[in-house]
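First chain written, first letter: the chains are A, B and C, and each begins at residue 1.
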Amino acid sequence: MFKSLTARLIAIGLLTGAIWPVLNPIAALVVAILGLTLSVPAIVRKRLARADKDGRIGRAEEPSDRRRFLKMATIAAIGAPAVALPKALQAIPGFETNLAMAPVEEDLSPEGRIRQWAMVVDLRLCDGCQGVDKPPRCTLACIEGHFAPEPMEWIQVFEEELPGEGTGFFPVPCQQCQNAPCVNVCPVGATFHESSGIVLIDQDRCIGCRICMAACPYDRRFFNWGRAPIPPEALLADYSPEHQTPATVGTVMKCDFCPDTVRAGALPYCIQACPNSAIYYGDLEEDIATNGEVVVAMSKLLAESNSYRLKEHLGTEPRVHYIPGHGELVGRNVNTRGRLATRWPWIERAKGAVTWTR
Amino acid sequence: MNRFIRSGVVATAVMGLLVLVARPALAETSLMVAAPGEALVGHTVPVTVTVSEDGMPVPDAVVVLSRKAAFAGVRGYMEVVRATTDEAGQVDLSYVQRAANSTVELRVEVVDGDVAPLGFVVTSVGEAEQIFEPDVGIDLPGLGGWILIALIAGIWLIILSTVLRLRSVSAQGDDESDDGGATIRKPRLMPYALPGIVGVIAVVLVTVLVRNPATHANLEGPGIGDRVTHSHLGETSSIVSPGLDATFSQRTDGAIEDGARRFFGLGCASCHGLDATSGVVGGDISGEVEDGFDEFLDEVRSGPKGMPAYPAEDFTDEELALVHAYLESLLSG
Amino acid sequence: MDTMTHWHDRGDGSEVTDWNERLEARTLAPVRSTSTGYKVLIAVLSVIAAWGVYAWFFQLRDGLYVTGLRDRISWGLYISTFVFFIGISHAGTLISAILRVSNAGWRAPITRIAEFITVVALIGGASFIIVDMGRPERLLNVFLFGRWQSPIMWDVLAITTYIMSSVIYLYLPMIPDLALFRDRLADVPGRLAAVRHRLYSALAVGWKGTPGQHRALGKSITTMMILIIPIAVSVHTVVSWIFGMTLRPGWNSTVFGIFFVAGAIFSGVATLVIVLAILRKVYHLEEYITEKHFVYLGYFIGSFALIMIYFNIAEYLTTGYKLEEGEEFLFRQLFIEDFAWMYWFYLIGGLLLPGAIILYRRTRTITGVFIAAILVDLAMYIERYFIVVTGLRVPLLPYEPASYSPSWIEWSILASGLAGFALLIALFVKVFPIMAVWEIAEEHEARQLASGPNVLPAVGP
């Protein structure tokens, strides 16, 4: 039916592309290989024959083994690697598991329900640690606990102008968005959703392209521009995406909701350190949350406290909620501005480390 | 007269006592709860509470339903729902059975009421299925990565077909003989090399596209999955802190240095600071160190406020001895 | 005799006119002889390119810390240059493919140079992406673990496809000219010449100019010319989507795709004018690349300047009318404060002024178009730069906006990239046919046939 090589190849390509999701990728590949091996040599043969007829020099004696060699060579060139293709593809690690074309459902392990971490920050209790006259304790605990390199404040306390007069403090960790822009744009899947819903980074896979930093609307991703200013002890650590120590040059890091501590039943460092117990950490699956002192039902807390999320209109669906306030429950005067600057507590840094301003 | 007064006083006293003791019985507010004994996880459980006083229904009483809960070492009763009784003294509450443990202890109480809270138990039964699932994005039927794969494959097949024509061009160039006799066929590289390169690149690109999961959020791709574990309800796992390294013992000879590596490696430094005195979360532990190893061991095993209780499976006695030795030298020197 | 197919083959008695001989001689001249000036140029460009490699070594050793990039403004000179180079690569597609599709004969003398520019620009663009990576040794991860949902993956796919297509689209129409070189330069002495001759023989794949070969080649070229247009459009669209797929004020725009494609064609044509003017002067190609060509290219520049002005209005008027959160800061820094000089130079010097130069007949000369092209290229580079940096500079939370100034390493690598671009073109010109001889001859024949056999070939518009 299709006379020309181009038409045939297009047809094969489209057929393969159509069969792939419907039947089976292997079936589609087989169709492609069959189509190529059946059609290409035939057309090449026809071309040569036509060239013969147009040619000005007659082909009196024509070595037919040359023609046969051409045909064999074409079949071999296309057929052999194509036949070996499915096997070769399957030999690539992870191929079988990733071949599904349909959206893969969350891999719920058979052991049961998986916790879905979320955080609620009660701004009525946050005063930027003015009350204890220290740099924000949540930031400091996070830095210590994770040995976060020097200029990085994975949870950072910002001060915003209130309408009217005065300022209010609000700590901003990674928002662990359910529709995370950083996960969407990562070209190698180094940033990924763990099944608890938190977003982790694999520094062994990150290529340092920084599109995730451009995509994050909350400024919560930090790049290791140079050898990280961390204590020398941190270099002994065994890296894992769950506790990001030690940091690797040329990769990205951020708040990870402390998966190593919470899985063992403790609370993240920032929640433990807050002197006013202003941050709640909880599980949306069991609908429970605690700030270290009381345990509450998460949904009730969110519903009845006028809670909101940052930049909700962007559609990122963060897992960090805020209860509006300005430290009034700890007696803060909104006109007391400023908080103390964060310090990084190590005395010495790893060899060759540099620090930078954000 | 004295006898009368005495008996009168006694009678009054006895009556008063009786009144005091019997008053709750006289003005008796009672709570009645009707709830199923079992419920499927994820299903709504109806709980009907009746508040009555002396057998008469109490309207407009605020009833609170709480559940006994423990999370991250904090225990207590957490309020689940509250409502007000109607004229019949009844209120229908409901909640979703989603606790981690199979025995859910609940409690109803009346706010500002003279009645003691009434506890009851609802057991979870059935296969537990995930209740909360992130529901983001829309799934347009028919759209998926396969469109991109088909597009790339199609384009590269067309490119391949154009370069394959080089073979015909090359073959026609052989028709002229150079010596006016036998046709000389010159084997040429380009007509095979170029299609070969195009083919290889096409296969690579299509393979790359086919290999990765067609998900909205790239869950645990190859190589990552085994380094990140799930957090399940009802399950406890040991803490994994920066530095946990199984090859500790091979690294050094000195007990102090071994202890130092463990102080960092077992995660102690994360909370207690590298100098064991300045940790924001863990504070100053020099006191516990000075008290001697047995006290120290007790503290670690029982877990003081905010600190998990570490059993021997997590940190052995020998390891903790090394840590203690290091801390002693650190804090004394 | 059929002069169209055998004009270059003098052996069989076909008519060879002076015109044909001159064309051949001009095309072969760059390859036949090398002037001292050329050698000096190569030396200078090589030094600059090598200096950039030296600077890159520091970056490889110490990490991206050596640049002026930081967390808040994490993309800067490298990404701007990458986008700029990819933009320039649209020159070839427009001139070669679109004009071929529309059968515009005047494109014949300039297609080859346009296609050179495309390939070299794509190589330059791809190398700047690698320079910008934090862990360049992990480039293979993109192929091992690539996610098709990522705009960077779309970049990889589109740019790979475009490079392959451009190389093929450069190579296929060059085959007859390579055959010419193979035949004419067979007797040049020297080892380098012998190697070159082997190269030409290998690449020419036995081209004899037979009608069968013409037919086969013609079909391939036709397929590629149609295919390469959507590929080129898709390339710069997906490049713009590494910005357009984010949620930042200034980047969160739906018109980025087509805006960048228009800008790409704009800067591509300008680069073509610059390179053409230089090569024309150096290699005395005035007979073939005439004022008419510059005027026509100038029309392109002028019309695309108008298109770009329209896009600027469309983008900034619609956002400025509403001034959502963050847009006000963007406008202030772009139009009034820090980046104002860049924007107004771009608008006035890069869009309005070149447009005016082209509009006025008095200035629509080769020199005029050349100056307009230089202004355009400068302005387009600045536009890429301020789009990247101002987009990243808008504070997302209440903090002081950061500032960015490139370090000496970034400037060195930029200079090296530009020098490398010029160097590669200079080297191409030394090895490959600078003009598409057979296409020019074909077009010349067509014009002769149209205007009558007794009319001398026209020179100029």
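By definition in this document, a residue touches a chain if its C-beta (ideal position, glycine included) is under 8 Å from a C-beta of that chain, and two chains touch if they have at least 3 such contacts.
Because the structure is predicted, anything quoted here is derived from the model rather than measured.
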item: Chains contacting each of chain A and chain B, listed by label; value: C
item: Closest chain to global C-alpha mean, per-chain Cα centroids; value: A
item: Pair exhibiting more inter-chain C-beta contacts, A-C or B-C; value: A-C
item: Averaged-CA centre spacing for the pair chain B and chain A, given as whole angstrom; value: 19
item: Between chain A and chain C, centroid-to-centroid distance (C-alpha), Å; value: 35
item: Rounded Å distance between chain B and chain C, as computed from the means of their C-alpha atoms; value: 53
item: Overlap residues in chain C, where contacts from two or more other chains coincide; value: 142, 144-147, 149, 210, 212, 216, 219, 223
item: Multi-partner residues of chain A (at least 2 other chains); value: 6, 47, 51, 55-56, 184, 186, 189, 205
item: For chain B, residues that touch 2 or more chains besides their own; value: 145, 149, 158, 161-162, 165, 168, 171-172, 175-176, 211-212, 214, 216, 218, 221-222
item: Touching residues on chain B, where the partner in the complex is chain C; value: 145, 148-149, 152, 155-156, 158-159, 161-163, 165-166, 168-176, 186, 188-191, 194, 198, 201, 204-205, 208-209, 211-212, 214, 216, 218, 221-222
item: Touching residues (chain side chain C, partner chain A) in the complex; value: 62-65, 69-72, 74-75, 132-136, 138-139, 141-142, 144-147, 149-153, 156, 210-212, 216, 219, 223, 242-243, 245-248, 251, 392, 395-399, 402
item: Residues of chain A that touch chain C when the two form their complex; value: 6, 47, 50-51, 54-56, 151, 158-161, 172, 181, 184-190, 205-211, 213-215, 217-219, 221-227, 248-251, 314, 316, 354, 356-358
item: Chain C - residues contacting chain B, complex; value: 142-149, 157, 160-161, 164-165, 168, 171-172, 175, 202-203, 205-208, 210, 212-213, 216-217, 219-220, 223-224, 227, 231
item: Footprint of chain B on chain A - complex, ascending; value: 5-6, 9-10, 12-14, 16-18, 20-21, 25, 40, 44, 47-48, 51, 55-57, 59, 61-63, 66, 70, 73, 77-78, 81, 85, 89, 92-95, 97-104, 106-109, 111-117, 137, 140-141, 144-147, 178-180, 183-184, 186, 189, 192-197, 200, 202, 205, 231, 233-234, 236-238, 240-245, 259-267, 269, 272-273, 281-290, 292-297, 300, 317, 345-347
